[in-house]
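Below you'll find a set of structures to go through.
In what follows, subunit A forms one complex with subunit B and a second complex with subunit C.
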Partner chain A sequence: MKFTTLVASAALALGLAGGALADDPTKVGFVYVGPVGDGGWTYEHDQGRQAVEAEFGDAVETVFVENVAEGPDAERVMTQMALDGADLIFTTSFGFMDPTINVAAKFPNVKFEHATGYKRADNVSTYSARFYEGRAVQGHIAGKMTESNIIGYIASFPIPEVIRGINSAYLHASKVNPDVEFKIIWVYTWFDPAKEADAAKALIDQGADVVLQHTDSTAPQAAAQEAGNVMTFGQASDMAQYAPYPRVSSIIDNWAPYYVERTRAVMEGTWESVDTWDGIPTGMVEIGEITDAVPAEVKAEAEAMIEAMRTGEYHPFTGPINKQDGSAWLAEGEVADDGTLAGMNFYIEGVDGDIPQ
Partner chain B sequence: MDLSSINPILLIAAMIAAATPILLAAIGELVVERAGVLNLGVEGMMITGAVCGFIIAVNTGSPTVGFIAAAIGGAVLSLLFAFLTQVALANQVASGLALTLFGLGLSSLMGQSYVGIKPPRAEATPLGPLADIPVIGPIVFGHDLMVYLGLGIVAGTWAVLKFTRMGLVLRAVGENHDAAHALGYKVKRIRTLAILFGGACAGLGGAYISLIRVPQWTEGMTAGVGWIALALVVFASWKPWRVLLGAYLFGGITQLQLNLQGAGVAIPVEYLAMSPYIVTIIVLVILSADKSRAPGSLGRTFHASG
Partner chain C sequence: MIRIEARPQPSAVMAYATPVLAVVLTMIFGGVLFAALGKDPLQAIATIFWEPLFGEFAFFYRPQLLIKGAPLVLIAIGLALGFRAGIWNIGAEGQYIVGAICGAGAGLAFYPTESVLIFPLMVLAGALGGWAWAMIPAVLKVKFGTNEILVSLMLVYVAEQLLASMSLGLLKNPEGFGFPGSRNLQQYPSAHNAEIISGTGMHWGVVAALIAVIFAYVLLTRHRLGFAIRVTGEAPRAAKFGGVNPGRLVLFCLGMSGLLAGLAGMFEVAGPAGQISIDFNVGYGFTAIIVAFLGRLNPLGIVAAGLLMALTYIGGDIAQSQLGLPAAAIQVFQGMLLFFLLALDVMTNYRVRFGRVEVA
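Let's turn to the complex of A and B:
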């Protein structure tokens, strides 16, 4: 008697499970390199994830794994997500590139989206933002505002995205202030608050009064605040808690519209492998409020530059620009092509030091 | 290259600040391991200490109270480990890893409303005229209390382990828990106290990061320091002064390489970035050529009937 009840209820449960499978919500996975509370890069990706949930409600189910190391761990996490039935997986750090390609090859029916990389497949799209447009604005403000003429730069890894940022910032800082010098520290991490703070302090100790960061946490902002007379910019997220000073402006990555659009494409079956690289014009890159710590005249110039980039009138890499060794890169009026920018592995003229190989 | 842009006094102060969290966590773990317990939860206890210290310091306005809270927070979390391994006789490695994961999760939960808040500033220890001595003053006497406390804990640990009966008993428990038990020592009680001490030290180390070195609260902000502290204990052959040397070498070279990069020294950045690990390992491996070995009962579960 008992046994039959058990069988009956098991059958019932199976039936219910089968029914639930039929209108299964679209499952979207996110793989993050840092914690969602980093206040920077990963925080903004998670805002995008929440926007997807808000847009589609019960029709989607999102999952995320934070603090995933760039390496074999990433592959394990992605494989697990795919096995758990994810239909679409966003992998949100450059170092997830090869793991994404590897796992995607094993799960041809799952769609993958890799941020900031350059390897694609039939089921792998790439997407990135033109952060260098924001760096141009930062460089302009930094060049105008620095008094020591030393600008510190906390760089993460020597990849094209980071090098583009350094070049763009230097180009626009030296344009308004030919005496400006960049001190660059490579910390080889995206997220390590203590190390980021140490790097910021080392730069400040060496005379930098502006610190730019290409790492994900707000630690450099705290170090600048502690020092008192050092200016910073929010990176990846607004970091408004450090406004109006030291944080005088910021680059904000707004992934939400892209994530919503790509999730919709999967739901409607129109998803295709694409390469997206958007910037200020589409709103994927936003410039956070320029605070009153910046003189009105500098602020107006910066806003004019933002507007010119929005309308497509101005490209941050417009010649004449030479490479670091003095050889010509772009002629007068020539604009950098996306291919060179995407693989940028050289400094422009005037930047000191070597790029780690 | 412009080495003159490096201010040696500021550099040394930064080196000490970088070394202190590792030192505190490592000296605590050293005592735990000398008692025969392997607690891999250092990272979890550090981050819990970091968030407890931060919350209390912000709410009371006193960094000192914050540090006390951090020590208590780390110790309370380690009590969980003590319960699992000493009472429930669970596997130490698994329990330690679980403690790290639990600590990371718990701290991000606790710290949610503290992101972006500035903690009260810890003042330099008032050592009066000593701090005014040129050069030596700011290098030796210009630090916050925790730096001196860290050094004091190392000296104290060394003295207790080497010269006191308490230290002898602790080492006996770590070397051979069955023999110590046969002699009538309370193995579990001694180990639990050692675990609590380790937790408190790790908590202090974590709070040093959130209250002084960074200073702010960010999820996961210890970013692996606990694991470095664990490795350091092994490389230091379970000897307090070597832990001190290792922590200062590691913290110091980490700072030095950042400064050298900023000054544009012509050494490839990759070598600079790996130098703290390489130098610390080489120095401590050379030192440990003297047949030092791990405590005999390290990592083994003790059961009185066994």
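Let's turn to the complex of A and C:
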């Protein structure tokens, strides 16, 4: 019990100090799984951190630690931030879930926000983005643009988020092009330029003229550029350095509004534990500029779809949709519920291959 | 003029002085690096080396040194036995993973039964798993003369794929909503490698590391087998004439280092990490190679080196958060340590002579 007592007394001392110095800046910590220069996932979280600084100026102090491994290292870094007086800590990787819950239990007065997980507590919120809305737009453009009818997909890990993305992209590609075929390569990494480049080349060799990626580096963009006639989409970040071609559009994770709003809630004392899953309507998911490499007519259709999702008129998973084995999933006009989407572990009808086990 | 000439005998003084010199040089050049990044070098070095040991929250960081250092020491001890004999196991990372999978698997097979027998069984399974993974390069080397460096290293990537498969398939938490990763062993009391005394960081892995250090020390200084290991490394031909069976030595050294790496993985997954997940391994198996050499392949030296590496990791993370140092700068700092150590190693076997060359 010694540790708990010590932490409790340290937390108490900090709490008292905090109370005595009410003008102290609110301290916000960020724990990153990758380097801030990855150009994708962690880069966008760090943009969010900078937005918090820009919004509140001297009233906040932000700190971050990058390249944090999951497990005991993450737990130590979070504990250290809490001991150093952080009021709010964002932990921005799925693998930080259990460490976040553990540390949060020791520091009941510190607020935690865990990205993409499913475990909450009184002082732990969860948040994620509906990336599959962006995948619908990509699928539509890819289905229209492919000439070989082969679309390559670089998938990271067979988890619900990635499977949702594949299903959403396939659904909308096959809607506009019934002959379309998806070739999927699992690379088992979120960020590894060498592996991603190899996967992109393998897909291009197999005849793919559109490559979608659920990994964070720009290596597939570079591989497509080299091949010359292959289209790509930016992932997590805009990757605009490869526009207008091969990168014809992108899914951008925009965490800034959420981070600013949650920091404000802590400053004003209105913070509560919530589960947030936002998409295009709130701007958490943004679609990067669709370049002129896409014909005006296709671009207009894509923009209409974005607008329909923004107003809530259209849900990407609207029936009729069957599962891969042919059994019915959604009836005509039926919309997928969040529970099924959150734990999605099946392909929809038409996707080839099995989800790796 | 300056010349470098071979010493007739390796210098004992330099063998002990070079690690210290390497640390001092790393501090100096690391300080220059931090200054170039616009940070106060003294403050940065104090944050890395002083803060975890004697800072305001040392009560939290000191136990963390044991948690971070124990797997490094446990693996490095095993590696050092082989390295002493010129047997190069570079794949401890893979043996660590397989040990963790076997250990966690043995525990989860009995979930949710509670029994005092489960944890010892997990220890056994973890040790066996690591041992078996290391026996692959060992047997291939003895039977077919393959290169154990390549085979053991390549098996790391196989083990990583196995880990991903286990996280997504066989060991996946059935209550995890389809997300990868096993059940958390911290919430399964019979399988949890908890702290023996709360707040000290002292878990069974730390105890195992200490036992391994004593065992290795006695083996190397007092036992016939330890003598065989040392002779084989220093004079392979003499060892052969002396009746050392090189094949058996390969099997022993690789098996032992695999066993210890497997144990480290098992204690890690059952305690600090808690679960099998795709990114469970964080490079302890590779860092342990640095630790083994930093510790001069000497069991006591390895303890010091393991704690020093742990300190730079923990202090490095503090420096990132408090001073805004980039993670890459910390990694360069750690890299300098190995670089200076290896560079200064020259001084053990060679000496610098000033003055004119005497013409005989």
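Please note the rule applied: the second predicted complex is superposed on the first by the 335 of 357 C-alpha atoms of A that agree within 3 Å, B and C clash if a C-alpha of one lies under 4 Å from a C-alpha of the other, contacts with A are read in each partner's own complex, and residues count from 1 in each chain.
Just so we're on the same page, a residue touches a chain if its C-beta (ideal position, glycine included) is under 8 Å from a C-beta of that chain, and two chains touch if they have at least 3 such contacts.
From a predicted model like this one, the values you see are computed outputs, not experimental measurements.
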Looking at the overlay on subunit A, is there a clash between subunit B and subunit C, or do the two fit? clash
If you stack the two complexes on chain A, which partner ends up touching A:311: first (subunit B), second (subunit C), both, or neither? neither
Return first, second, both or neither, reflecting whether A:188 touches subunit B, subunit C, both chains, or no partner chain. both
Does the superposition put A:159 against subunit B (first), subunit C (second), both, or neither? second
Of the two partner chains, subunit B (first) and subunit C (second), which one does A:95 touch, if any: first, second, both, or neither? second
In the overlay, answer first, second, both or neither for which of subunit B and subunit C A:343 touches. second
Contacts of A:229 with subunit B and subunit C, given as first, second, both or neither: neither
Looking at the overlay, what does A:65 touch: subunit B (first), subunit C (second), both, or neither? second
Subunit B versus subunit C as contact partner of A:35, first or second or both or neither: both
Kindly list the residues of subunit A that each of subunit B and subunit C touches, one partner per complex. 35-36, 67, 158, 188, 356-357
Which residues of subunit B touch subunit A in the complex? 5-7, 10-11, 14, 18, 21, 104, 108, 111-112, 115-118, 209, 213-216, 218-225, 254-255, 258-259, 261-264, 268-270, 273
Of all residues in subunit A, those that touch subunit B in their complex: 34-39, 67, 152, 158, 183-189, 191-195, 197-199, 201-203, 205-208, 217-219, 221-223, 225-226, 241-242, 352-354, 356-357
With touch defined as at the start, can you tell me which subunit C residues reach subunit A in the complex? 57, 59-61, 63-64, 67-68, 160-161, 164-165, 168-169, 177-181, 184, 186, 198-200, 268, 272-275, 277-280, 282-283, 313-314, 317-318, 320-322, 324, 326-328
In their complex, what parts of subunit A are in touch with subunit C? 1-4, 6-7, 10, 29, 35-36, 63-73, 75-77, 79-81, 83-84, 94-95, 98, 102, 118, 157-160, 188, 342-345, 356-357
